[in-house]
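Below are two complexes that have chain A in common, paired first with chain B and then with chain C.
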Partner chain A sequence: MSKDAKSEVVLELDNVRSGYGRMEVLRGISLHVCRGEVVCLIGANGAGKSTTLNTVCGLVRVRSGEVRLFGENTADFTRDRLVRNGLSQVPEGRKLFSDMTVQENLELGAYLRKDKDGIARDREHVYSLFPVLRERSHQMAGSLSGGEQQMCAIARALMSRPKILLLDEPSLGLAPILVKQIFQILETLKDEGRTVFLVEQNARMALSMADRGYVLQTGNLVREGPGRELLEDEEVRKAYLGK
Partner chain B sequence: MEWLTSLGNAVQNPATYIDALTLGSIYALIAVGYTMVYGIIKLINFAHGEIIMLGTYIGLLAVNTLNVPIVLAILIAMLACAAIGAILDWTAYLPLRRSLPKAEILSIIGLVGGAALLIAYFTTGEAGDSMATAHRLVLGFLAVVLLMLLVSTLADLLGWFGSPRNNVKSDRLAALITAIGMSLCLQTMAHLLWSAKYESFPTAAAKIFDSKLIAQTTEGLVFRWNPFGPPLIDAVPVLLWKELVTWVAMLVLMIVLLVIVQRTKIGKAMRACALDQQTAWLMGINVNHVIAFTFMIGSAMAAVAGILYSVKVGGNIYPRMGYYPGVIAFAAAVLGGIGTIKGAVLGGLIIGFTEAFGGAVAQQYDKAFAFGLMVIFILFRPWGILGRKEAKRA
Partner chain C sequence: MLRVLAVVLQVRWWAKGGWFKRLVHLLPIALILAAPLLIEPDTSLGSVAMDIMLKVGVFIILALGLNVVVGYLGLLELGYVTFMATGALIATLGMMTVKTGTGWVLPAHTDYLPQGEFMFDFPGGYLVLILIAGLFCGLLGVLRGIPTLRLTGDYYAIVTLGLAEISYLIYRNEAWLSGGANGLRLSHPANDLTPKLFGETLYYDNWMLYYLVVAVIFLTIFAMFRLQQSRIGRAWAAIRIDETAARACGINVAWSKIVGFGISGFFGGVGGALLCVTSSTLSVNELDVWQSIIVLCAVVLGGMGSIRGVLLGTAILISVGEFLRQDIGGVRVPPEARYLVYGLMLLLLMRFRPQGLIPRAPAGHPPSAEEEEEMRRRQTPLYVLGENP
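What follows is the complex of A and B.
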């Protein structure tokens, strides 16, 4: 914690409550992500993981508490402003623009940018991270396989040159070998020094690569700590790692 | 078999084809506006016909007051209609897309629909009716407020509000009803502003358009490239300038439109919004701006179509003029596959040909042929010629 406290806080949730209709899903959670950190949020189905991300990106309204991006309360942000201020999301279920080509999807990821050279350089960079996307750049995104689609979604999110990358269940619905591949990519992103907030059901994979982790249980954060530590934690093991 | 003879004559007469192509081009220009708006927010914009009407009136005003040539009037009308289209979206449809509580949505419907109906009722009295317009407006306004209160209270009592998560379908319905309300509202406004009398472009201004490009004389076909030269008085017209202008306008605008949609950044954003608005927001695209832009493009096209239409039929500028071309172009958009631009063009042309040839057989039924074709076609292929069957998604 002492090391984290010194570096800049990118994203911060301060006692956030939110939910749908009469149902309150998040019951006052506080967490933060610092620059260059990979932080993961794990929890069972229905614990509120996706709601957390949807609250951060403005799809679900904050009822009390604050979501802060670089210290600014995001309550009055329009949703495009979040992207402008450096937040980019890989949504659950990929959500590619299926009737558009891979390249067009990447261009849309860079929608707010005007530096043509920078965009071209970043495109080369994501193509080097995901060589298969270069091969398929003129194919419709909907025609890609599940794993390729996930790569395309991550590549698209990187194209905005985000200061923080949000990933919602990137391993969902993928074969084990592809899950491994996706986590290798996440390792690469970590080595590049990117700031990542990862929401995952695959707790083992997520915790073993994350700097820090939070455990969410029915709308409350019940544990937090370095990834390795949580991996060893008796209760976490019992509840989420099946041992 | 009289009708067969008339059809045979029509088939052999080049004038029918010219007429069909001209009508078809106009319908295509209008249909594109319907199809683009539907593609992006799944709304049949019933006020589109009124945009046609407003565009034509603005063109007429430009010609009459600024003395500009019609071509320039068309450009002015395009710009003005683009602005009107955006304003229409911001005032009438955008409030419905924001996640307002249901009561407010219903109040807005009540306001817009009720206002239109009541203003229409109170302002279309007999000519020379002594009741002042202001008086009627005040009465109308009071009635609207009453109606609003009534509707939202009733809806509240009946529990129509439902749970906030599954209101997607009813939101679309609310927008549809609002569109009908806006249509009536704009028509009534036009009544108040310009009265219900028929107007037309002054002969001097329409001269270029009405002059003959190709004509049949006793010495054979004559080409007259200069529209400003002395008119060919005795010659039988084969092709008029206005017809060529209509075709070229349609072709050029469609190419421009396709280039915008396929190649430009805003075009890609439009396609992205049509596919998935939630994700478009995640890209940093301000979806509401993109939707407004879509309205602007469609409305500019409608302005061109409206002026060319009134030039074609020679006059016919009045507050309800947008109804027929609007509704027929809507049929064209459905026939071609609503949501697809190429489908709208194809549908427009097909409807144009049907109307022209059908009209040659039985003049008073020309529009019935057009609608009949659409109805029969969508019985077998409801998603239209180029449209795609809506896949059931889990």
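What follows is the complex of A and C.
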């Protein structure tokens, strides 16, 4: 099929069930993300997209099944251990350090790293990805516009030099032109060969750039396949693309 | 030479500032060091001044310690008095411990002192006691911190308030340990237990105690400056602003908080150990929750998270409070009057300067000249109408 058949599996969910209280949200989902792949997870509101990410990050406890990062079960990983092992996330709602400057936000993104030269190089690199952040580098992150904040959050996540980047609804609440920009940046990340796991409402945009996609429906995965294929799929079109 | 020292000690105002700025900073330090030349502790006015300075000094150490939790970690701490009382108790008991024929004895009552050799009656013994008090309270801070790790805001405040009340009740009721309501007295008719340092008794009428407190203050300020700039300091700032984001950056929130609690407790214990000597008695009766609130008020008045602010806030709050306790021109103000004045001061502060007298420096450093030039050069709007696809 594609390159993922032989390449290394970075993140793997194996028959994962999880939820909140008495409510089970994820009813046994299995998916995997290989090195260098951009994988997106789409689904309607309440399908369990964010729960999937929260389960991967350990915010929601796995009830049965396993989440594996590079083959290791993450059940008793702390959050900083996840970051240490190469998983970096852009939390929903951006969660920037609003009283700190953009530059300090980026430095905190690299908190676990100690190679000063590498950090400086990566900072230059993310500034070249997001030129607007360089202009704002000494402004408080809280004073940025919504789109700039989203870019800052992605840039901060990149600063830890992650082996896999988790994005939760990067287009949430942004003007269409900014959504387009964010997706252009994701394309760049894809071209750089980074591994990205993306959860998105904007199915058309997400599927057209992703290597593979999964469709989540009320806690079950109902479709999986290359992004282009899913875009063509009759049922997916009906359900999520409005046609 | 001085410049090198300034860089090593991270004293920015010396390394970077002009002569005027250096003078502004040096003047108060010179005044503090030269105080013995200006004040006669034997006169009544001099002894009052001395008393106030010592109290302010000890509370500066306490306030800087509390500032770690309140200012850096951003938690509302109401139980700081636990560390003050524990530190004071450890130091006092240490000075009273006597070696008799049968072994080490803790005197149960102040009117009975067994004769024998005092355990910490060796040169520098009191310094060792201060350190022990600090370390024990640091450990206490860690232990107390573990169950409160997940609490923030009001919940953290309530728990610490409750723990402070518990420790207060324990100390007040366990008279065999703390002397209970009577307290423990260091200046004893049978045997003066006031500690000595370099052959000088640590008492307000000679300057050894004063310089000891000043030395500890300088060490504390230095430690705080270094902590602020360290990795752990940045982790604290991140946790204060947004704990979720701090976690997402890979900061070990639990560990960072525990280190903060430990450091805060350490300085609480050190301050407590000094406090009992400046007043030459320990009465746990007075170390109630209100003492936590007073230290907290000093931090809030000066500016949470700002070292200079905490210094100024403590100096103002404590000296005003102590001043009101003295006879002013023959008129005696009731001791509770100072709380009225504190309340008024804080009300005015909240109305006109809620960030504190000297607020913490804004995050980040100002852009350098090159960075500014770079930013100007690249000043492009995010998108231009009509130009973007």
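Here, the second predicted complex is superposed on the first by the 240 of 243 C-alpha atoms of A that agree within 3 Å, B and C clash if a C-alpha of one lies under 4 Å from a C-alpha of the other, contacts with A are read in each partner's own complex, and residues count from 1 in each chain.
The rule is simple: a residue touches a chain if its C-beta (ideal position, glycine included) is under 8 Å from a C-beta of that chain, and two chains touch if they have at least 3 such contacts.
These figures come from a predicted structure and were not determined experimentally.
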Clash or fit, chain B versus chain C on superposed chain A: clash
Partner, of chain C and chain B, that touches more residues belonging to chain A: C
Which of chain B and chain C A:Ser30 touches, first, second, both or neither: neither
Which of chain B and chain C A:Arg84 touches, first, second, both or neither: both
First, second, both or neither for A:Gly109, with chain B first and chain C second: both
First, second, both or neither for A:Asn220, with chain B first and chain C second: neither
Which superposed partner A:Met100 touches (first chain B, second chain C, both, neither): both
Partner chain(s) touched by A:Arg134 [first = chain B, second = chain C, both, neither]: second
First, second, both or neither for A:Gln201, with chain B first and chain C second: neither
Touching partner for A:Ser160 - first (chain B), second (chain C), both, neither: both
Touched partner set for A:Gly21, first chain B, second chain C, both or neither: first
Residues of chain A at both interfaces, chain B in one complex, chain C in the other: 78-80, 82-84, 88-89, 91, 95-100, 104, 107-109, 111-112, 156, 160
Chain A to chain C touching residues, read off their complex: 78-80, 82-84, 88-91, 95-101, 103-104, 107-109, 111-112, 131-132, 134-135, 137-138, 140, 145, 147-148, 156-157, 160, 177-178, 180-181
Residues of chain B defined as touching chain A within the complex: 163-165, 265, 268-269, 271-272, 275-276, 278-286
Residues of chain A defined as touching chain B within the complex: 20-21, 57, 59, 78-80, 82-84, 88-89, 91, 95-100, 104, 107-109, 111-112, 156, 160
Chain A-facing residues of chain C, complex: 231, 234-235, 237-238, 241-242, 244-254, 362-364, 366-367, 371, 374-375, 378-380, 382-383, 388-389
